[in-house]
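Each remark here refers to the structure printed beneath this line.
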Amino acid sequence: CKDRLYNNYIKMAEMEAREKEKIDFVVIVTPNHTHYPIAKAFLEKGFHVVCEKPLTVNLQEAEELNELAKKNQLLSCVTYTYSGYPMVKQAREMIHHGELGQIRMVLAEYAQEWLATPIEKKGNKQATWRTNPGLAGKSNCVGDIGTHMEHTVSYITGLEIESLCAQIDTFVRGRKLDDNAEFMVKYKNEARGLYWCSQVAIGNNNGLKIRVYGSKGSIEWKQESPDYLKYCPLNKPVQYLSKGRDPLYPEGEKFVRLPAGHPEGFYEAFANIYSSFLESLISLKKGNDIGDEFDFPTVKNGLQGIKFVNLAINSSDSGSKWFKWEEN
Amino acid sequence: CKDRLYNNYIKMAEMEAREKEKIDFVVIVTPNHTHYPIAKAFLEKGFHVVCEKPLTVNLQEAEELNELAKKNQLLSCVTYTYSGYPMVKQAREMIHHGELGQIRMVLAEYAQEWLATPIEKKGNKQATWRTNPGLAGKSNCVGDIGTHMEHTVSYITGLEIESLCAQIDTFVRGRKLDDNAEFMVKYKNEARGLYWCSQVAIGNNNGLKIRVYGSKGSIEWKQESPDYLKYCPLNKPVQYLSKGRDPLYPEGEKFVRLPAGHPEGFYEAFANIYSSFLESLISLKKGNDIGDEFDFPTVKNGLQGIKFVNLAINSSDSGSKWFKWEEN
Amino acid sequence: CKDRLYNNYIKMAEMEAREKEKIDFVVIVTPNHTHYPIAKAFLEKGFHVVCEKPLTVNLQEAEELNELAKKNQLLSCVTYTYSGYPMVKQAREMIHHGELGQIRMVLAEYAQEWLATPIEKKGNKQATWRTNPGLAGKSNCVGDIGTHMEHTVSYITGLEIESLCAQIDTFVRGRKLDDNAEFMVKYKNEARGLYWCSQVAIGNNNGLKIRVYGSKGSIEWKQESPDYLKYCPLNKPVQYLSKGRDPLYPEGEKFVRLPAGHPEGFYEAFANIYSSFLESLISLKKGNDIGDEFDFPTVKNGLQGIKFVNLAINSSDSGSKWFKWEEN
Amino acid sequence: CKDRLYNNYIKMAEMEAREKEKIDFVVIVTPNHTHYPIAKAFLEKGFHVVCEKPLTVNLQEAEELNELAKKNQLLSCVTYTYSGYPMVKQAREMIHHGELGQIRMVLAEYAQEWLATPIEKKGNKQATWRTNPGLAGKSNCVGDIGTHMEHTVSYITGLEIESLCAQIDTFVRGRKLDDNAEFMVKYKNEARGLYWCSQVAIGNNNGLKIRVYGSKGSIEWKQESPDYLKYCPLNKPVQYLSKGRDPLYPEGEKFVRLPAGHPEGFYEAFANIYSSFLESLISLKKGNDIGDEFDFPTVKNGLQGIKFVNLAINSSDSGSKWFKWEEN
């Protein structure tokens, strides 16, 4: 199929649309600022889309893609990887089934260290585009990892943000975009949240960690040991649940491939996102009405991430005042 | 000495003042609202004082005690226990000697669970007075453990708060005082802080944890395993320092009693505070000028704790607006 | 290629041998007792072989396969998965380069719990064949996981066993094969070893853990958090090395696919074994002389595993007397 | 009481025996080889005795002291500190009450690093006497920490050793006594044990760790975090019990001084031994018949420790043959 290799996305979208056996969907894994035009081009031509996060570099673009996907009845997946881990799905189900009672407090953090020094000045490719406003958008740290954190919390707890107050920092001198941020959150149900994301936290690799405290219990999940879930029911001992060992809700169990203690990691989480996407795609192609609730993150979640970034920037720019979600 | 047992502190202060071989100092370990009158009574009669935290239940009282101690040239110790741990002292010295470079971010948390349900209604004595505004003052959680957290951060980092924004919560219905709080902090040197204290965090015993990130490295200390200090220098492997094993600065080494791996805990930390206090007291009695820098927390630190509580309440009451430290 | 699907291995070996574009190699993932005849059939017809461990159910068969592979100059891979982890390769290189000095003591354990009760009597398929001497051979636990443990130690340390003393246990009543075993080992260089493997150790998933103590330092690796390696150099702080973060020897670095903190697990370790095997295969097919040292476990290692099982059984059967390796 | 300070123990025993208000008991914390004559002197004069372990440097002396204490109806305490920790007592009670079912396997280790190099040649006082056969007896490592390990296992599990096989090593060249040892154990109830003690295990402080696996569950206790107990019941999640938080058996609860998460360490464990001893002493002085079961380790346990050392040496000297307990 060498004749179906294209040297730009516009041509690809056009040509593939004319094929008899056209591609089923397109995967967009390019720098942030190109997500929008590429996704738009394919959604307009009727192709389902899988896109990296952050979905776009501004709110308007994200809303447009959301509308477009809805209008053309297309599947759109935004690859928030961490929601693909079985124990994250287990956490979500435990909360959904009331095992933690009324949620009171959410602690989220996503700590990395790779930008602790100005490596973008020394030719590191990843660092160069991510700290360049022209390519990464208005935010580096919040856009790159803050959105993962926001989505994982939202996915696990189902809580909706009512208002937030953010402080966005650039600790490395001369850097053009942020490398650290803190957030205080009030949710609609009176729960509170405290978030931190950082790319200058020396000693941390990819430290996404979510803790949720409710009136009946708590859970804690750490991305670097993803197969385990700390769980503490009220007045009972602290427990550690293991993937493949302890009984999970079907939504998590479904994605357990290996016996207990055989580590599954990042690739498998990614694969779970894709496999859920494909399941929906197959069902859709069979002519089923697949509704609008999916077990993979969609452009709707991508839009929510962009709103989170947008609101955080507005808050931080105003001297860390509180902003309501609707002020987006 | 049965004739020197008194049934109230006023009598005790008066009578002891007349003794030839009078007591050296008094220790105040009564409920919060009584600290002020007792401390005042003894300071006025010329006695050195050791007092539990929070020093008082309002700012004015704390300032008065601070002035009184200064005026009468008396030693005053406020027992912020956690600054007595050798590895906390080690952390302080590492930062002081620049091993972490410029401090960027401080994460502090103090998570307990004991008030997750309304046990004050079931006769728990500790819970009853601590959640009673008449006995505990304007705050329960921030006053009781938030002040420990604030002091430990301040002790370790030497950072001064420029402004803060607080959200103080009462999650258990019907409770009269707070049981949870979040804080965003801006320090004078442009570092940022994020604090959380809670008494409703199910699964946590006495989870005081401090993390400090600088331009050259980071440290992490957890109160429940106090003999260890996680340390990560830039571009070097993550390390765990052990009390009694790895070389410490003299300020920490001084308080190491046992060989490595022989746990020292809360009692020993307390004892370290007292032993530092007594060292100063002995030196003072020998006629030395002992200056105004001590290796134990003083009424000045106690006053700072009260200011922290006060500012947090003001911020939270105003809808979590930012307040400057000077607005105290 | 439906005409090249065969319903038994004998036919497959014969027919493929006659093909022009014959298969490159065969993968054997059937129950233990069938490894030998299948491997033999393909090795005799000149096919390279990848085989699950334990290589065979007795020593004679293993030796025969080893000879056969040598004679026919064929690649033979025995999939001891755990040697595929990057941090295991790093451990091996550290020891090889003398970072631990003279090895003194090796502690190895492989603790599982899945056979703590007689689940073979309740229809568990895995349990049924593994505890059946007709299908699993003379040993269940030592053959299944003891061999992994032996190989990982041998791979990391390069030590050769001089003699061993074993106690093999069947704790679950009525079970026909072993479910637990302990070993004391003397190596040729005067180092000592202590091994334990168990399938009845309640609370353990797949707890392979290796610790090596030398005159200059120590390392510790745990299979359930495979991306990290605990390392302690003499008189230096304890360190935790992270895959993707800390500099590794090229032999380990080569297999790092993802940035630090993005977990890679069991599938990736397996893939590393295969990718090393394929690299050698490609080189061989290019006409290169590839020597007899490979970065994947071979039938030689498979044979060594069978010898370990054999010697352990002999020792245990004799009342846990010491046996020399040569007594195999 | 300056006239009751003595410059040798013989005089002290004699003089105190003549006093009207004589001392209640004597504490022996001198080098190993002096325990026997001192203990003997005081037991003969009718004094209760508290003695450091190992009780003596040979079996005959230990047996003599045991007989003497029995004959003179005196309390004798041997300070095996680790049995003083509340969570060790909890472990003992859990096993005693059948929560682990039939014990199958015991893993014990006591890993230190302080003798990894010949520091006795550089004037380290502790190292000098401990590696000197004239002062420490026939064993350094097994006598010093192996006995602790043996006692903690025996205290927790109640298991009696039927036979053992030991390998005792001296890894540091020129050292006169052992610095490492491994043990395989068969208990009278068909359970098995695997022990390791070392003073050359670089990276370890005071790593006493006990794991017990039974037919219904398992426990794990680590001396460096003594306030916690890992517990896993069959088919239930892994749990971590906390001192002061989770309900303990009265025998453990009795020694909990502080709220959950307030660390208690080595001093407190020691204090618990003494407080149990004193409780018995007071009861005895009140004229009660106090039987022969005590909640503190006695000279009987001290004797058992000496037998363990003795048997291990015999086994190791014979080329690590198995010895029955009775062959002592």
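Order of writing sets the chain letters: A, B, C and D. Residues in each chain are counted from 1.
Methods note: contacts are C-beta pairs under 8 Å (C-beta built on N, C-alpha and C of every residue); 3 or more make two chains touch, one makes a residue touch a chain.
Fair warning: this is a prediction, and the values are worked out from it, not measured in the lab.
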| item | value |
| --- | --- |
| Chain pair, B-C or C-D, that carries the greater number of C-beta contacts | C-D |
| Farthest-lying chain, centroid of Cα atoms versus that of chain A | D |
| Centroid distance [mean C-alpha coordinates] between chain C and chain B, Å | 54 |
| Cα-centroid distance, chain C relative to chain D, in whole angstrom | 39 |
| Chain A: positions in contact with at least two other chains | 238, 242 |
| In the complex with chain C, residue positions of chain B that touch it | 231, 237-242, 246 |
| Residue ranges of chain A touching chain C (in the complex, touch as defined) | 112, 114, 204-207, 223-227, 242, 244-245, 257-268 |
| Of all residues in chain D, those that touch chain C in their complex | 104-105, 107, 109, 116-117, 165, 167, 169, 171, 180, 182, 184, 186, 192, 194, 196, 198, 200-203, 213-218, 220, 230, 232-234, 238, 319-322 |
